[in-house]
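Heads up: the structure comes next, in C-alpha cells.
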Amino acid sequence: MASGVELTVPVYRIKGRGTGPSVYIQANIHGAEVQGNAVIYQLLELLQKQTLLGDITLVPYANPVGCNHKNGEYTLGRFDPITGVNWNRMYHFNDELAKQFVEQYPDTDVDTIRSEFRRWMLDDIDEQLDHNIFGLTTGRRIAYQLQRMALQADLVLDLHTGPISSKHLYCPEYAKNSASYFNIPHTILIPNDFAGALDEATFCPWWDLTQAYQAIGRKLDFNKESFTVELGSQELIDLDEALVDAKSILGYLQAKGAIAANGFAPDAMVRYGCMLKDYKVFYSPMGGMVDYLAEFGEPLPAGQPLARILRMDNYSEADSDPLHYLTLDQTVIPILHFASASVNQGTELYKLFSNYFEL
Amino acid sequence: MASGVELTVPVYRIKGRGTGPSVYIQANIHGAEVQGNAVIYQLLELLQKQTLLGDITLVPYANPVGCNHKNGEYTLGRFDPITGVNWNRMYHFNDELAKQFVEQYPDTDVDTIRSEFRRWMLDDIDEQLDHNIFGLTTGRRIAYQLQRMALQADLVLDLHTGPISSKHLYCPEYAKNSASYFNIPHTILIPNDFAGALDEATFCPWWDLTQAYQAIGRKLDFNKESFTVELGSQELIDLDEALVDAKSILGYLQAKGAIAANGFAPDAMVRYGCMLKDYKVFYSPMGGMVDYLAEFGEPLPAGQPLARILRMDNYSEADSDPLHYLTLDQTVIPILHFASASVNQGTELYKLFSNYFEL
Amino acid sequence: MASGVELTVPVYRIKGRGTGPSVYIQANIHGAEVQGNAVIYQLLELLQKQTLLGDITLVPYANPVGCNHKNGEYTLGRFDPITGVNWNRMYHFNDELAKQFVEQYPDTDVDTIRSEFRRWMLDDIDEQLDHNIFGLTTGRRIAYQLQRMALQADLVLDLHTGPISSKHLYCPEYAKNSASYFNIPHTILIPNDFAGALDEATFCPWWDLTQAYQAIGRKLDFNKESFTVELGSQELIDLDEALVDAKSILGYLQAKGAIAANGFAPDAMVRYGCMLKDYKVFYSPMGGMVDYLAEFGEPLPAGQPLARILRMDNYSEADSDPLHYLTLDQTVIPILHFASASVNQGTELYKLFSNYFEL
Amino acid sequence: MASGVELTVPVYRIKGRGTGPSVYIQANIHGAEVQGNAVIYQLLELLQKQTLLGDITLVPYANPVGCNHKNGEYTLGRFDPITGVNWNRMYHFNDELAKQFVEQYPDTDVDTIRSEFRRWMLDDIDEQLDHNIFGLTTGRRIAYQLQRMALQADLVLDLHTGPISSKHLYCPEYAKNSASYFNIPHTILIPNDFAGALDEATFCPWWDLTQAYQAIGRKLDFNKESFTVELGSQELIDLDEALVDAKSILGYLQAKGAIAANGFAPDAMVRYGCMLKDYKVFYSPMGGMVDYLAEFGEPLPAGQPLARILRMDNYSEADSDPLHYLTLDQTVIPILHFASASVNQGTELYKLFSNYFEL
C-alpha cells in the first residue's frame, strides 16, 4: 500500500494421509463477505478431531486489500475501488492449454496427465506473475497467488456470501450429484464457460482436458470439483451458524473421501436447482425505497409481490400511488436481495431462480 | 447539483382546528435512516381518520442530498461526503437571543412572547440564509430551511434510526414525563446544551427563554417539546413496523392534545432512562471481525460478553487466541451496535446505557 | 433516484441543410470527465456562425447519475458505484444483425440499406429497453437511450478525458485518415471488436455490414465514423481550452462536409499512432508515493525514468532505497498517468504508446 | 485493521548537541496531503550535512489509516471515513491544566516549570490513552500517540497541503515574527483557542501557562512555537519542490537555533497576513461546473471574477445564462480552491484572505 504497509494472508496447511483428494478452501475474496472466515475457524477446530486422508489448505482473508477497505461504515467488497473490476473475475484461464497438452501427451497414463497438466497450469500462472514487463493489476496479483494454491488441490471451495441472502451453491454441471452432500437447499449449475471466477478457473481446465481426450477417444475422469459456497448475508459474523456450515462442508469432504468417515451426513431436504442462464437478476423499475416482501428459498407464485416501493413524492398526486407492488408473471424462487432499501432505477433488487427444478 | 439538477423535498401540511399545539415531523436527515419515511406514510394514512386539533407538517426525505447519495450498495448517510460534517449538526442556535429578548420584553404577556420570540428566531435564521456574502455550506442551507419550518411548531419529532439498533428516544430533561407517551422502552435525557441537532435547535431557545424569565422572577411554560425518535436499524423499510410506530406517535400527539382523543394509549412496559453523559460509546479495542452477542434493550450483567472478535491471523499463534471476548465490569443496557462485522481498532462497536434507571 | 428525483439530460438539436452527414456529440458519460461539457458550450457558440449541412445533436451531462456522484471531494466517474461496471461499457451490440440483414437484403440499393439497417438497430435497442420482464441496469438504461440518438447520426464523437492526461484520440482502423483532421497529436487505432464503448457500438455494426456485403461481392462504404476524443485531464473545466478543442472539432466536421467550409484547418504537427493492442498500461511494481517524471506526448527513450516512487519506510534500511526509479527497456510515448500520487502495488500508473508510428 | 494487519509509522530521530531547541516535524495526518513526506525525505538528506543543536524527530505517514485509504482513484484524506471527524481535530487539550499547575508551582524556576509541565501534559495524555474503560476512537488513538512525541519538542511543524493550493502558513499570533523565517508568502494568525489541531494542541497549553503566570505577576517565555505548514496541493509528490521547502524549513530552524548557522536565509518577498477570523471560505451559490479563474496569492480587486460556473442546462433558456461569474465586492487574496470542477450548491469553492495586511 501507499505507506509501504505489506498486506499478507494467513495460510493454514494440514497434512493428510495422502490416500484421499486434497482440498483448498478460501474465504473473503470479496471484502464484505466475511462469514467464510468464521467457517474456516470452525473447520480448523473440527478438523483437529478428524482423520485427514488428503491435505487441506485453508486461506481466510484471501483478499486483504478488499477486506480492509472500509467505505463509510461498510466494507467495499465486490470490486477494486480504483478500477471497478470484480475481485472474483481476475483469475487466469488459458483456453489453448488443454488442446496443446493432449497433442503432446495423447497416450500418457492418467496419473502422469494429472501431475503434468497441473505443472503446465502452474507454469502458465508463473509466467503471468513474473514475466510481464508492464506489470500486473493489484487484483490479478492477488488472484494468481491464490490460484497457484488452489490449482494444487483436487477439491476447491470458495466461500462467499450474498448481500442479504439465503444459502446457495454454484456447482459445475458435471458435478451436480455432489451438490446434495452439502446442507444447502439451492444450487446453480454452471456450464464450462470461464467468466473469471475461482471455481471456473480451477474446474474449467480439467473439464476442457476431459473433453480434449474424449475427442481422441479416451474417456478420463480427473475427479476435480470446485464450488462457490454462498453462506448467507454479507457484513455478518456468526460463529454458531459457522459451525453448522463447517459441518456441512465436512459432510462433503467425507463423501469425497478427503476425511475419514465420521458420521457427517447431509440433512434430508428438498433441493432446488436452476441453470446459470435461468438465475435471473430482477432490476428495479424505478427509484425509491424498498420494503422487501418475498421470503427467500420458497417458490413465489406468479403475481405475488416480490417487494413494494415507497415513493413519498407521489403521495397526494392524483394519478399516482405512493406504494408500487412489484410482481412477476411466473413462479420464481427468490435467493437474495439488495443490501439497502434505497435504490435507483435499475438497481439489482433480487436474484431468483426461474425454470427451477428439484435436484 | 453539478449537472444543474434541483433537489426538492415534499412537504405535507394538514390544517387542524387551531385548538391544539402544532406539530412538525421530519424524516431522513441522515441518508441511510429511511424508515421514518415509512412512518410518515403511515401517519398520513392514519391522520385521514383523526380529528386534528393543531396543524401538522410532515417532511419525508428531509435531506435529498444525503438520501440519494449511494456509496457502493449502501447510502452514505451520516455526514456531508465532502466535508465530513454530520448532517444533523448544522442547525442554527444563537445563545444571546433569549437574554436580548427578555431585556426588550420583560413584562409582555405569554402569547405575545410566544409569537414574537418565534419571529425573532425566524428572522435570525433568515439572516443566516440570505445575508451571507461568502455563502453557506450545502448542509447549513438544508438545515436552516428545515429549521424555519420546525420553529413554527410546538411539538417537533425528528425521525432517525441507529445502525443496527433497538428503538430509543432522545428527550429534553424537562420533558421527561412525555417520554412515556411513546411505545419506546429506552430514553436518553439530554440537557440544555446545543450541540447542533434539530431537537436541540428547537427546544434549547425556549428552555433558555424560560430560564431568562425565571432570572427576572417570571415562571413561564411555553409547552414546547422536541424529540429525536430512533426507530430501529438503518437501510431498512418495513411498512408494517412503520404502522406500529405511527400509532405510537399518535399516542404522544393525543396525550399532548394535538389530535382529538381516539383511544391511542401507550403500552405498559418497563421504561429505562439514562442521562446523555451516561450514554456511552464502546470502542473496539482491536481490529477484527465481530460476532455481536449482547441482546439489545436488556440489562447485560457485568462480565457478560458484549461481543467476540475473530482474529484468524492469531490462530495457531502460541501466545494468542483467535477469539477475543469483550466485557465490561459494570451492568449496561446495549442499545445499538455498528453496522458491519469488520472493524478497525477504535471503531464505535456499541452504544449503551450506563447508570440507567427506570423512568 | 431513491427520493424520487428524476435525472434528465439536456439535448441540443440544430437542423442543417440536409446535404451533409449528420453529427452526434456527447460528453461526460464518465462523471469526472467534465471538460467535454465546456467543449459543447463552445461548439454551440461557434455553430451559431456556421452553415450546417447536416443536423447536429449535442448532449452534455450524458450520464447524470455519474456526473452528480461525488465521492468525497472528487467525482466518482468511471463506473457504476454499486456494480463497478464502467459506464462506457454498457452499450448494446448484436453481432448477428449484419449477417441477418445481408441475407434479407442482398441486392438492395445503398440508401435503403443505410436507412433500413439503422431501423433494424433502433428496433433492436428498443427491444432491449422495453421488453425485458426482469428489467435493465441503471447503466444500460442510460447507455441505450444515448445510443438511440447516436445511431441516428453518421458521425459520432464521444468526449472524454484521461485522469492526468494529454489529448488523444481513439479512431477505428478504417478511418485512420480522418484522425489528421483533429488538432490531436496521438491516435489509438481500434479494431472491429466490440468491447462495450459508444464509438464501437456505433461503428462496429456498419463495419460488420460492409464486410458482410463484401462477402457476397458488394463493396459498399457507408461513410460512418466514430471517435472517442480524450480532451486532457479529468476534474477540470477550462473554457478557453474548450474553445481550442471546439475549433479542432469544427475542422473535422468541415473536412467531412457536415458544416460549410469556413477556414477551419488542422495545425501542422507530428501525429503519432499506435494499435490498440500496443497501447499499454504500466502497473506499479510496488505501493508508495509517486513523483511522475515523464513528459506526455514525447518519445521517452529506453532506460529513462517514467517516475520515481518514494518509500519513506525504506529510509535508513541498509539494503533498501527510499527512491525507486521506474524504467522500461523500450522507447514509449507516455499519454496519461494516474490521478493521485498514492498508489498500491498494481495500480495503473501510466498508459503509453509502444510500437508507435507516425500517422 | 479488520484482517489483523497492524499499521505502523516510521519515526526518525536525530540527536543534536543539546544546546538548541528540539524539533518535531510530522507529515500526512490527512491522507491525501502527501507532499510533506517528500519534504521529510529532503530534510533527512540535508540534515546529514548540518550540525544539529537540538534533537529532531521526523514522522512521515503520520496517519497510516488515512494515507492508505483510497476512495476510487483518490485518497480519502481529511476525515475518518466511518465517523466523518477530521483527523486533525482529535488532539487532546485540558483547559484546566495551566491553572492547576500554577497553583501548585507558583514560584518554581523556569526550567523546572518547563520539564514538569511537560510531564503533566504527558501524564494527561497517557491517562486518555490507557485508562478509558470504554476505549478510544481510531483517530484519537493515532492523534494522542503523535501528540506524545510532539509535546516533547520545543518547535513543532505539522506539514499539510490544501486541495489545489498555494503555499501558506498557520502561525500563533504571538509567534508572528517567526513567520518571516519561512519562504512562504501568506500567513494566517491563529488565536489561543483550541480547536483540535496539532499546532494548537502543542502551543495553546504553553500560551495558557504564560498567561496563568502573568496573572500572578510572573512574565515567562517558554519559547515554544508550532506551525501548520501548507505546502501546496494535495495528491502530488514533487521531490524537486520538496527540496525547496526543506531548505525553507532549515531557514526557520537555523533562525531558532535548532541547527548551526549554515547560510539558510529566507528570500525577500512581500508577506501577507490575515487573522484566522478573516480567513474566509467562499461557498458556491449554485451547483455546476467551475472554471476557476483567480490567481492564487495575489490581491484580487473587488468585482473581478473568482470563477465562472458553467450550467449547460441553462443554455437556450430565455431568462438564464449558461455562464455565471462569481465576484466579491471587496479585495481578497485567493489562497486555495476546491479540488474538483464539479460542485453542489454550498461546496467550499475558495479560501481567501480578507482584511489582509503586510507582515
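A, B, C and D are the chain letters, set down in written order, and residue numbers restart from 1 in every chain.
We adopt the following convention: contacts are C-beta pairs under 8 Å (C-beta built on N, C-alpha and C of every residue); 3 or more make two chains touch, one makes a residue touch a chain.
This structure is a prediction, so every number in the text was calculated from the model and none was measured.
Each chain gets a centre from the mean of its Cα atoms; the one farthest from the centre of subunit A is D. In this structure, the chain pairs B-C and A-C differ in their number of contacting C-beta pairs, and the larger number is found at A-C. The distance from the centre of subunit A to the centre of subunit B, with each centre set as the mean of the Cα atoms, comes to 41 Å.
Separation between the centroids of subunit A and subunit C, computed from CA atoms only, is 35 Å.
Per-chain Cα centroids separate subunit B from subunit C by 48 Å.
Touching of two or more other chains is recorded for residues 1-5, 34, 61, 67-68, 70-73, 75, 78, 82, 289, 312-313, 342, 344 of subunit C. If you check the complex, the residues on subunit D that touch subunit B are 1-5, 65, 78-80, 82-86, 133-141, 280-285, 287-289, 311-314, 328-329, 342-348. Subunit D meets subunit A in the complex at residues 1-5, 7-9, 34, 61, 64, 67-73, 75, 81-82. Residues of subunit A touching subunit B in their complex: 10, 12, 31-32, 34, 37-38, 40-41, 44, 60-61, 67-68, 70-78, 163, 235-239, 289-291, 308, 310, 312-313, 315-316, 322-323, 338-342, 344.
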